[in-house]
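The block underneath contains the structure these notes are about, expressed in structure tokens.
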Amino acid sequence: MTVQPGTIVALSTEDCFAGKVRGLNDLPSQVCTFPFLNPVTGPVAVEGAQPGDTLAVHFVDIVPARDWAVSATFPQFGALTTTTHTAMLHEPLEERVWVYDIDVTAGVCRFRARNSEFTIELPLDPMHGTVGVAPAANEVIMSITPSAHGGNMDTPELRVGTTAYFGVNVPGAMLSIGDGHARQGEGEVCGTAVEAAMNTVVVVDLIKGCAPPSPRLESDDFLITTGSARPLEDAYRMSQLDLVTWAGSLLELDRLDAYQLVSQTGLAPAGNVVDTNYTMVGKLAKSLFGGRQAYDGMHDRLAAVGAEYLRVR
Amino acid sequence: MTVQPGTIVALSTEDCFAGKVRGLNDLPSQVCTFPFLNPVTGPVAVEGAQPGDTLAVHFVDIVPARDWAVSATFPQFGALTTTTHTAMLHEPLEERVWVYDIDVTAGVCRFRARNSEFTIELPLDPMHGTVGVAPAANEVIMSITPSAHGGNMDTPELRVGTTAYFGVNVPGAMLSIGDGHARQGEGEVCGTAVEAAMNTVVVVDLIKGCAPPSPRLESDDFLITTGSARPLEDAYRMSQLDLVTWAGSLLELDRLDAYQLVSQTGLAPAGNVVDTNYTMVGKLAKSLFGGRQAYDGMHDRLAAVGAEYLRVR
Amino acid sequence: MTVQPGTIVALSTEDCFAGKVRGLNDLPSQVCTFPFLNPVTGPVAVEGAQPGDTLAVHFVDIVPARDWAVSATFPQFGALTTTTHTAMLHEPLEERVWVYDIDVTAGVCRFRARNSEFTIELPLDPMHGTVGVAPAANEVIMSITPSAHGGNMDTPELRVGTTAYFGVNVPGAMLSIGDGHARQGEGEVCGTAVEAAMNTVVVVDLIKGCAPPSPRLESDDFLITTGSARPLEDAYRMSQLDLVTWAGSLLELDRLDAYQLVSQTGLAPAGNVVDTNYTMVGKLAKSLFGGRQAYDGMHDRLAAVGAEYLRVR
Amino acid sequence: MTVQPGTIVALSTEDCFAGKVRGLNDLPSQVCTFPFLNPVTGPVAVEGAQPGDTLAVHFVDIVPARDWAVSATFPQFGALTTTTHTAMLHEPLEERVWVYDIDVTAGVCRFRARNSEFTIELPLDPMHGTVGVAPAANEVIMSITPSAHGGNMDTPELRVGTTAYFGVNVPGAMLSIGDGHARQGEGEVCGTAVEAAMNTVVVVDLIKGCAPPSPRLESDDFLITTGSARPLEDAYRMSQLDLVTWAGSLLELDRLDAYQLVSQTGLAPAGNVVDTNYTMVGKLAKSLFGGRQAYDGMHDRLAAVGAEYLRVR
């Protein structure tokens, strides 16, 4: 599928288990087949996108496609368990599935404890864990890995109203989207979120040149950077250095002045601390920038396009 | 100084440079004398505190004591520079001082770039970088190190309205407070915040037993855990594991159910990524807990004491 | 090229700069074109190799193909410099090339300092930095990345007389070899070794099943494991856990008894601490194992084949 | 105890369990009392030692004091287990004790598996895990922590024939020695070595000035550096940077030429990957240095003093 810059694209995505975990007894290690996990929808080629350009993807709508979603522990995956990399002598933790009820109208999902009567409604905050373009250097990488091309960053910032900016590595950019989450905590500590199939609408656009070192995001209120690496402090360094670079560029500050300003105003939530690379997020309030706009106001333009789409739909 | 549990303590603290950096030419490496950095006020002994108990410290008031504050880069300190530990062949970054104007009435501090005309007012958000009790095992540790006893966690969560809980290691607990910041970004990326002398009021109280593995915090809206370690993912693990433990205990969930709930609802901002240990913070909204209160409602009681103090002052 | 198990394969490999750095003024960042770095020779398919099998590759001969070799610093690459991942505000270190004279007959290479008259002869110890099979999960990964499939482990243990064992991921295994080093320190701290084109002879063979989690090596004197990951302690954990597993299996020890024995007898040198994954190596003296042989004596058989090849050549 | 530079000091040290683990049923967590672990003998003050000076400690003799030694797993301690820092949801591994027979005359210790009939004699290679001076900045640190002052580096390089160099932080230097090991693998992966009380003889001497950033060692064949930090790559960076500094100084190379030479000739074994800081070791063969001697030949002089002591004893 090839689209022109400025096109609205409606797509649907399966959940990270390819829809195979549907009940409490569907243990992922039994019903899923490695490596067919974390499927993505795409690629969507964008006409005219060339290496070095920047692809803008604005999230207009992300709606759970079913009235249920699932989460699970998975052997040797997660932040508080031995893994194939943080290799230890412990037996794996118990593999356990949770099924959530999704009520899109009420805007909630319901958590039910497995080993007690506890249950609670949590607000929906739909997002995509995996969004990215084709990687550089002819690499083909499992969608679970977040890196410079995007991928499975698993940050809750990738929600409706956010514009994501990716450096283009191949002609057409080749956008893919997957791994919808009805909601997610920062870090995704157990390894999975409230995993949901999604119906999603994005607007894609193209900025010539300007490729950022790692994906950048923009919401109505924040400029947001990402860094994906191990150890986690390197992910932090990457995200903060790009915050310094971005702020310095927009405000015409030298690197040390920008470093200082970011030090006093930057936010630094975890994205994921479970995937093959960890992701840290850096955020600066747009109020710092006065009228100066990133990418010549791309975010506002795409947000307007999205708003109009939702109005007339 | 020894106080009874329940006592309101008013104290003043010097800034992390011991007040010696007062102008643009006061380079910290020249005017400060190692190891006389990051001075703390204290210790305050709390009557009856014994090892294994929990000291509660509620921050009633934190007010900058001067109409200026400072920040600086410091050779081989900070997250985006070679340090003595992340040892490299690079020459140190430039050492540069910024002086901020503080306007307590307006609630702002003013940043002035050093190498351009840029200037901006930032909201005051006063907090203490360093709060802690005497360490365990007869150790004497520089106040710059955050660890199980507290210390220089450098998280902006330690602001007015927050109650901090520390496991007691020695009779009297021996509370110390310092390193006031007029405001700070998450991670404190350049190594220093808007460093300010402070006039601070706390209420201290005692909970018998219940010592947490690392300091916990509580605000009106959040239960908050901390982990201080290197690498940063270990700090994340510590903070999230204690979030799982705390939530599981309050909600009577088994560990995996609590792990799942935290995965979907926890927040995970960086504290500092510059000190001798890094600090990660875990947060859960108190709305998750219904009427269940941590520490039998200690936070609310201390907040009420603080409010009354401010009312009659 | 497809070969039968048991085949001797003679091949030649270019250096990591694809032969483009030939003199002191050939700065890699100018004469090399990303991503065309670290070329490998192959793939060689091995008849009958199936996923889950183990490919054995014995190094019979590794001889520098030219009378010179090169090394260089490269911007943002190496262990004692800021990189794209350990992202900092420093300017890159100077890019500098060193040309070594290679004297195969004398078994030495000559280092010449660039900024003084110092020069010294170092013993040749030829090896391959990059050896591996096709990765799992249909991934295509730059040869610079070491991982479960092998790749750019950059350990000096991969020298003549060593047998390497790789888990097979695709039919035919698809062996590739490159990145010859006339010699290398442990860790490859500046990012490059004494980079040399090589004429290399290997014997390849096949073991049904038994795929190790990461490449294993065997010399006449040691059983050797590898782990490639970040941070470096995870690479250490992986290599040591596999040492525990291997020793436990050969000696019929339970996991804790094997853990104990490895703790007192294992060696743990760094492979590389510069690549996209770091590599740690674990070693156990074969004297610990009495007559028990790994893989039914595969190493000894291949070594005999190699010796015979060299005798009659 | 205060001694003159040049003095031979004979001392005895208890094992890391303070001698309380004597049989298979003496579980450390039951018979030892935190924090009274890893006792050290000392401090020995050296006349004239001032901050900034370098203390030289040559190991003349290290002999196990008993005909047995012990090792053990310990809950939440070791490299292949969850710990208080690498915090996870797993239950602790089994706590298990191994008792080794020590035969000083034969030069061996005997390992006996606990869960099978396997037994093997291992060569004695006596060393001290913990050697250091008083820390800087008035800190008091548990002896288990290795850092700039030395401490529990747990490297097998600290054996007879080695000279250790420590930067002096307080008048008299205040040397302490403990944690004898009958032998140890690199990394000390299970957390304990073959723990033995020792009778040890050292010669101490003083070098005015020249304090290294972290302890340096010297054997007859190698110059050796150490770095103690987390994550492990930072320990590697520290040890390798000091190797570059030391080699550059002795050979009068600029930093990049020294970096290059170390890259091709340095060794990098793990010290420990279990303690509160990890330790990496860097080694350069003294053959690289021609006649140039570190510290004006201090090692050779102390080795001669030690040899004479052993001859006449």
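Going in written order, the chains are labelled A, B, C and D, and every chain counts its residues from 1.
Please note the rule applied: contacts are C-beta pairs under 8 Å (C-beta built on N, C-alpha and C of every residue); 3 or more make two chains touch, one makes a residue touch a chain.
Keep in mind that this is a model prediction, so the values were computed, not measured.
Across the assembly, the mean Cα position most removed from that of subunit B is the one of C. Between B-C and A-C, more C-beta contact pairs are found at A-C. In this assembly, the C-alpha centroid of subunit B lies 46 Å from the C-alpha centroid of subunit C. We define each chain's centre as the mean of its Cα atoms; on that basis subunit A and subunit C are separated by 35 Å. Contact with two or more other chains is made by residues 80, 86-89, 93, 230-231, 233, 237, 240-241, 244, 256, 259 of subunit A.
Of all the residues in subunit C, the ones that touch subunit B in their complex are 80-82, 86-91, 93, 231, 233. Contacts from subunit D toward subunit B in the complex involve residues 34-35, 84-89, 136-142, 213, 227, 229-231, 234, 237-238, 240-242, 244, 255-256, 259. Within the complex formed with subunit B, the subunit A residues making contact are 71, 73, 78-80, 93-94, 96, 98, 111, 113-116, 118, 120, 122, 183-194, 230-233, 236-237, 240-241, 244, 251-254, 256-257, 259-270, 273, 278, 280, 288.
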